[in-house]
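What follows is subunit A paired twice: with subunit B in the first complex and subunit C in the second.
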Partner chain A sequence: MADTSRTMIVWKRRLPGLIMTMPAVIVFTAMFLVPTVLGFVLSLTNWNGFSLNLTFIGFENYLRAFENPRSVDAAIFTTVFAVVTTVVCNLVGLALAVLIAGPGRANTVVRAVFFYPYIISALIIGFLWSAMLAPQGVFNSILANLGLPSIPFLTDPAFAQTSVIVTGIWAHYGFSMILYIAGLKSIPAEYYEAATVDGAGPWARFKNITVPLLAPIVTVNIVLGLVTALRVYDVVLALTAGGPAGSTETVVFQILKNSFDNGKLGYGAAQGVILLIVTAVLGIGVTLARRNAEKKVAD
Partner chain B sequence: MITGRMATAAAGLTAVALALTGCAAGAEGGETGEKVTVTMLVNITPNLTEAFWNDLVAPFEEANPDIDVKIQAPAAEGVAKTLPQLLASGEVPDIVETVPPTEELAPELVDLSQYDWAKNGPLADQYSLDGKYYMAGIGYQLQSIYFYNKQAFSEAGIEAPPTTVDELEADLQKLQDAGWTPIQSGGEWITQIPVQTTGLPSIIAENADWFAEMSDGDVTFSETYSDAMERYASWVAAGYIPADSVGVKYADAEQQFLSGKSAIYPMGSWFAASEAKAAEKPEIGVFRAPAEKGIDNPAMGANVANPYVIMMASEHQDAAAKVVEFLVTDEEAVTKQLAADGNFRDGYEYEMDALGQELLAIVADTPESDFTPTGDGYGERVLPRGYQTELNVQAQAMLTGVSAADAIAAMDAWIESNR
Partner chain C sequence: MPTTETISTALVEGPEELTLNTTAMRAVQRERRRARRSTPTSNSVGGLILKWTILCLVAVVMLTPLYILVISAFKPQADIIENPLGFSPGSFTFDYLWASITSEKFNVIQAYGITLLFVLLVNVFSIGLAAPAAYVIARGQSKWHLALLLVFVSGLFIPGQVTLIPVVFVLRMLGLIGTIPGFVLFETAGTLPVTIFLFVAYLRTVPRDIDEAAALDGAGKIRAFWLCIFPIMKPAVATVIVLHSIGVWNDFVNPQVILGPSSGIYTVTTGVYAAIGQFSTDYTTVFPTLLLTIAPAIIFFLVMQRYIIGGLAAGATKG
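== the complex of A and B ==
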């Protein structure tokens, strides 16, 4: 009897919490768990998008994803894109943040200008850069007027890959910058004043105060940067449409192409599951690695 | 095997996974005497706007007050990509425009073989599957054609359009010598068009069963398409097709040709609609894509214009059939559709310029048996899905310096692994 009433009391205490978390649990289940499980189930089938009579084909789609040279190329390019854009966005974002984090109207205006690309639709960014980088685009027209040879920004595979990466950096560095500015503003000014009194120069202050105290922001920036970059699609669609010759196809671009153009939704689902796992492993891995780094700083 | 019910449940829930993209309204049903709503999924384009579709079906609704036709716009990437999502979600429209019947889609479609208007329409036999007619269309979209700038031909001393591929190649040299960019091409999905326009008229004329034999593995891409691929690569090397055209978007390629910057533009007959709308343009003509010397009846790549299918899941199949019958037989409705998208059908004339008349003449002069699918194909003449996309990739590869031999080998490998 006593046990029953104790259990009742425990449940009474827990009930409000359970009720309040239920909406989030329902949304999480409906929008993430169920699709993920179904995506995995479909990845084991030969679903073509039309017929509802599916056949289980085991892990054939997964094997194919690892064996198909086009998928491997897309995975390599996506990895390079993700690493380069994340690193450069962080470096550029941090540098700009340090330069313009201070008060003043000019800094406010400059911050807005630098942040602006981030709020533009990725598709518009793609078309914008396409107009600038095309064979008869803005840059090549300027070069032609100067009597210089044109540059194959979008027509040579290596140049096109570089163009996509540069465009990706331009689209996202503003977000890194804003996070770093928020981080910089949270560092007490007294630390810098004390260091200055102790004779520390700008570089020493940056290295010994700014960088260590921004460690959590670095973690957030890296994780968000990687996760966003691994899912890149719309910039590629608008800028190069995956060309030339498939050289700028990313994993997500291929997922959509295989799923809808080629009618292989089972295969596309397998690629999606692989991407999900890679993203999760990278996100968790980076977070854990950075947590150790942050702990060392704190110690 | 997964049961149909499991699959339906899985697919339905997957719709949630697809971020609620297919939020289409299904057909509303009613008992006899009640007003029935027939939903029609159509492609919305600059030519075929939502207003156009509503105007198109308005006379039908007036004549059939018990049927309301609801125009349904697809998600951003068109009908072909939206339909699988709608099928998965169970929100299936009654009628779908643009998606041709294939073996994999056929079980989801109503067999229209009982209707004469389906059996006797344009390309009806070509689109049939196992003798069943699942589609009805309104006209022809020609694809094995070259538009040309008449001034360019005049300046190059070309008196008549070429009738063989060798003559075409000689003309390209003359155009280049006269200072013209011989062929207007582009990136995105249009890079493959010159390859197909050069190859298919001869390949199909020589082997009408090419699609089937390719699908079955009886012939290979390298055995049949090498000449066209090598010729394309040689045209790129000679500068007839500028290598940097791979960076030109479809819309820009069209504008470049319309602004008189290039001499020949291999493109589907729908280009005529853009040409007709252009305010300033050079004088443009069109000729059918020639075949290799010795082939008298070059095949003509063509799709049916505005193909309509009725979905098996429709609760109003009879009402949907009435709508489709109106769309493909009512003279005014057919003519409106043909005119809107620059399509053609012998016996149906609308206000068209000289270029339109030339295209209509090509349609009238082409025997039904000479029409052939292009790209992934349709009806029983199909290749593995994604073939055209892969051909596009390899055409772009040749523009970036990959040899024809490597591109051909890549096509063989792709077809083999996707057959």
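== the complex of A and C ==
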């Protein structure tokens, strides 16, 4: 009797907390946690997307993902895309951030000009660049007007892959730059003053003050850059639709094509699980590896 | 040492308030500005010329596609191909833009409305669900609260496309596939990790005295939260609104898969895809349509620039 009334009191105290957390927990569980677990389950089946009956086929989908040349090529291109865009976005972003981190109206305007593609949908960016680079597009019209031969920006595999990568960089380096500017603003000016008094030149100051103190931002930029780039899809769909001859298909492109165009959702789910594992390993791996670089600063 | 955390804590309070909270700090900031202005890169004439040459070149690369997009939206096809960079007043016409606005293939006005509705719903649900939960998590001290936070934050590392296929299964079972509630539920769930993470981080900087003051008023815990605590969370809420508005407005895959062409519900992105995918060499349709879809984003960016850049930087460095 006393026991039940005590539990009653405890529950009454906990009730507001429960009411405040439960809606979020329920939505998140139903639409995120359950699907994540279900993704592993579906990857072991040959689900076609419509029936709710599942036949388990073991790890066949995974074997197929590793054996199918199409999906292997997609994985290779996605990796190249992720590494190249991340490296270039960081180098360009940092260089420009150093140039325009200071206050002033001109710097603010330039910052907005470099950054604006980031807030436009990647799909629209893809269509815009497709209009620029298509065989009858703007750039080839300009070349033709100048009496020059046309360039197969989107119709030759190597050119098309380069076009996708360049478009990715064009749209994304501004974001790296913005993060670097935020980082630069947080470095106390006294450090630079002290270094100048000690006779350090601009390059020495950049190398010995800016770079080490930006280490945490570098980590964030690399992790975010890689994780975002590994999911690249919209821009490819609009720019090349995966072509020519599948040369610009990415992992997510494969996942969605297999799942929704070919009705092999089990196979798509397996590729999704692989992507999830690669993303998690890379994200955690880079963060741990960078921890050393960040530690050096703290010492 | 500036760690990621200190930078982002400063950023959550708004881009202009970076580390300058007190008069003393403000003086330091002023000093710092003076110091930066006198760095060698900017006080030698040669350096200045080099700097602005580089910046102008990059600006040209960034703005050329936008310039071509805008002028081409008002030109006939032949003019677009023969004279892509130029602009002759003689061939200027609103016809193609008007044709795109009134196109039967893609009702752009309706798409604006639907996408705005989604932006609004996702923001309301995301904040409405996340804020009280984040408050309980931020104030709680038991291992359950920590576990709950970890569960939500783990969502930051799971790509949305990976949950998309299984979500189709779940929504099919619930009978919500191809419906607006189904889409809004999934989109909201996808935003919860970031929202809860940013809210918890912000609420931990809010002193507990306020809780006690609210409790003294005799208000219940839930009422006290919405009336006293939530209004204080304005900067974090603004950051979250910026992140979600851009995210939902630009999202293509989720509406395309969950709503699907058969539902007849088109957002700006899925509508453009349906309209342009088919005839992408008819530039008198492509450019006006793209202009119509880019314009709201650009205007929003120009008006809210400071908050967008600050919010994105805060969201990213926190996560």
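In the analysis below, the second predicted complex is superposed on the first by the 267 of 299 C-alpha atoms of A that agree within 3 Å, B and C clash if a C-alpha of one lies under 4 Å from a C-alpha of the other, contacts with A are read in each partner's own complex, and residues count from 1 in each chain.
One rule holds for everything that comes next: contacts are C-beta pairs under 8 Å (C-beta built on N, C-alpha and C of every residue); 3 or more make two chains touch, one makes a residue touch a chain.
Remember, predicted model here, so these are calculated numbers, not experimental data.
Asks: Have a look at subunit B and subunit C on subunit A after the superposition and call it: clash or fit.
Replies: Aligned on subunit A, subunit B and subunit C clash with each other.
Asks: Let me test your reading of the model: by the given contact rule, A:L99 touches which partner, first (subunit B), second (subunit C), both or neither?
Replies: second
Asks: Would you sort A:V34 into first (subunit B), second (subunit C), both or neither based on which partner it touches?
Replies: In the superposition, A:V34 touches subunit B and subunit C alike.
Asks: A:V166 in the overlay: touching subunit B, subunit C, both, or neither? Say first, second, both or neither.
Replies: Touch status of A:V166: no partner.
Asks: Quick one: classify A:G268 as touching subunit B (first), subunit C (second), both or neither.
Replies: A:G268 sits against subunit C, while subunit B stays out of touch.
Asks: Looking at the overlay, what does A:A280 touch: subunit B (first), subunit C (second), both, or neither?
Replies: The second partner, subunit C, only.
Asks: Pick one for A:I217: touches subunit B only (first), subunit C only (second), both, or neither.
Replies: Once the two structures are laid over each other on A, A:I217 reaches subunit C alone.
Asks: More residues of subunit A are touched by which partner: subunit B or subunit C?
Replies: The partner that reaches more residues of subunit A in the superposed model: C.
Asks: Between subunit B (first) and subunit C (second), which, if any, makes contact with A:L42: first, second, both or neither?
Replies: After superposing on A, A:L42 lies in contact with both subunit B and subunit C.
Asks: Check the residue A:P117 against both partner chains and state whether it touches subunit B (first), subunit C (second), both, or neither.
Replies: Once the two structures are laid over each other on A, A:P117 reaches subunit C alone.
Asks: What is the contact status of A:S130 with respect to subunit B (first) and subunit C (second): first, second, both, or neither?
Replies: After superposition on chain A, A:S130 lies in contact with both partners, subunit B and subunit C.
Asks: Subunit C: which of 167-175, 203-211, 221-229 or 293-301 bumps into subunit B?
Replies: Clashing stretch of subunit C against subunit B: 167-175.
Asks: Find the residues of subunit A that appear in the contact set with subunit B and again in the contact set with subunit C.
Replies: 30-31, 34-36, 38-39, 41-42, 47, 49, 52, 130, 134, 136, 260, 265
Asks: Write out the stretch or stretches of subunit C touching subunit A in their complex.
Replies: 1-4, 6-7, 10-11, 18-19, 28, 31-33, 35-37, 39-42, 51, 54-55, 58-59, 61-63, 65-66, 68-69, 72, 80-85, 125, 129-130, 132-133, 135-137, 140, 148, 151-152, 155, 157-170, 172-173, 185-186, 188-190, 192, 196, 220-222, 225, 246, 249-253, 257, 268-269, 272-273, 276, 280-281, 283, 286-287, 290, 293-294, 297-298, 300-302, 305, 308-309, 312-313, 316-317, 319
Asks: Show me the residue ranges of subunit A that touch subunit B in the complex, using the header's touch definition.
Replies: Against subunit B, the touching part of subunit A is residues 30-31, 34-36, 38-39, 41-42, 45, 47-56, 68, 130, 133-136, 150, 152-157, 160, 240-241, 243-247, 257-258, 260-265.
Asks: Contact residues on subunit B for subunit A in the complex?
Replies: 1-2, 4, 7-8, 10-11, 13-14, 16-18, 77, 80-81, 83-84, 87-88, 104-105, 107-108, 187-189, 191, 242-249, 252, 385-386, 389, 393-394, 396-397, 399-400, 402, 417-418
Asks: Mind pulling up the subunit A residues that touch subunit C in the complex?
Replies: Going through subunit A, the ones touching subunit C are 16-17, 19-21, 23-25, 27-28, 30-36, 38-39, 41-42, 47, 49, 52, 96, 98-103, 110-124, 127-132, 134, 136, 138, 141-142, 145, 170, 175, 178-179, 181-183, 185-189, 192-193, 201-202, 213, 216-217, 219-220, 224, 227, 230-231, 233-234, 237-238, 252, 255-256, 259-260, 265, 268-269, 272-273, 275-276, 279-280, 283, 297-298.
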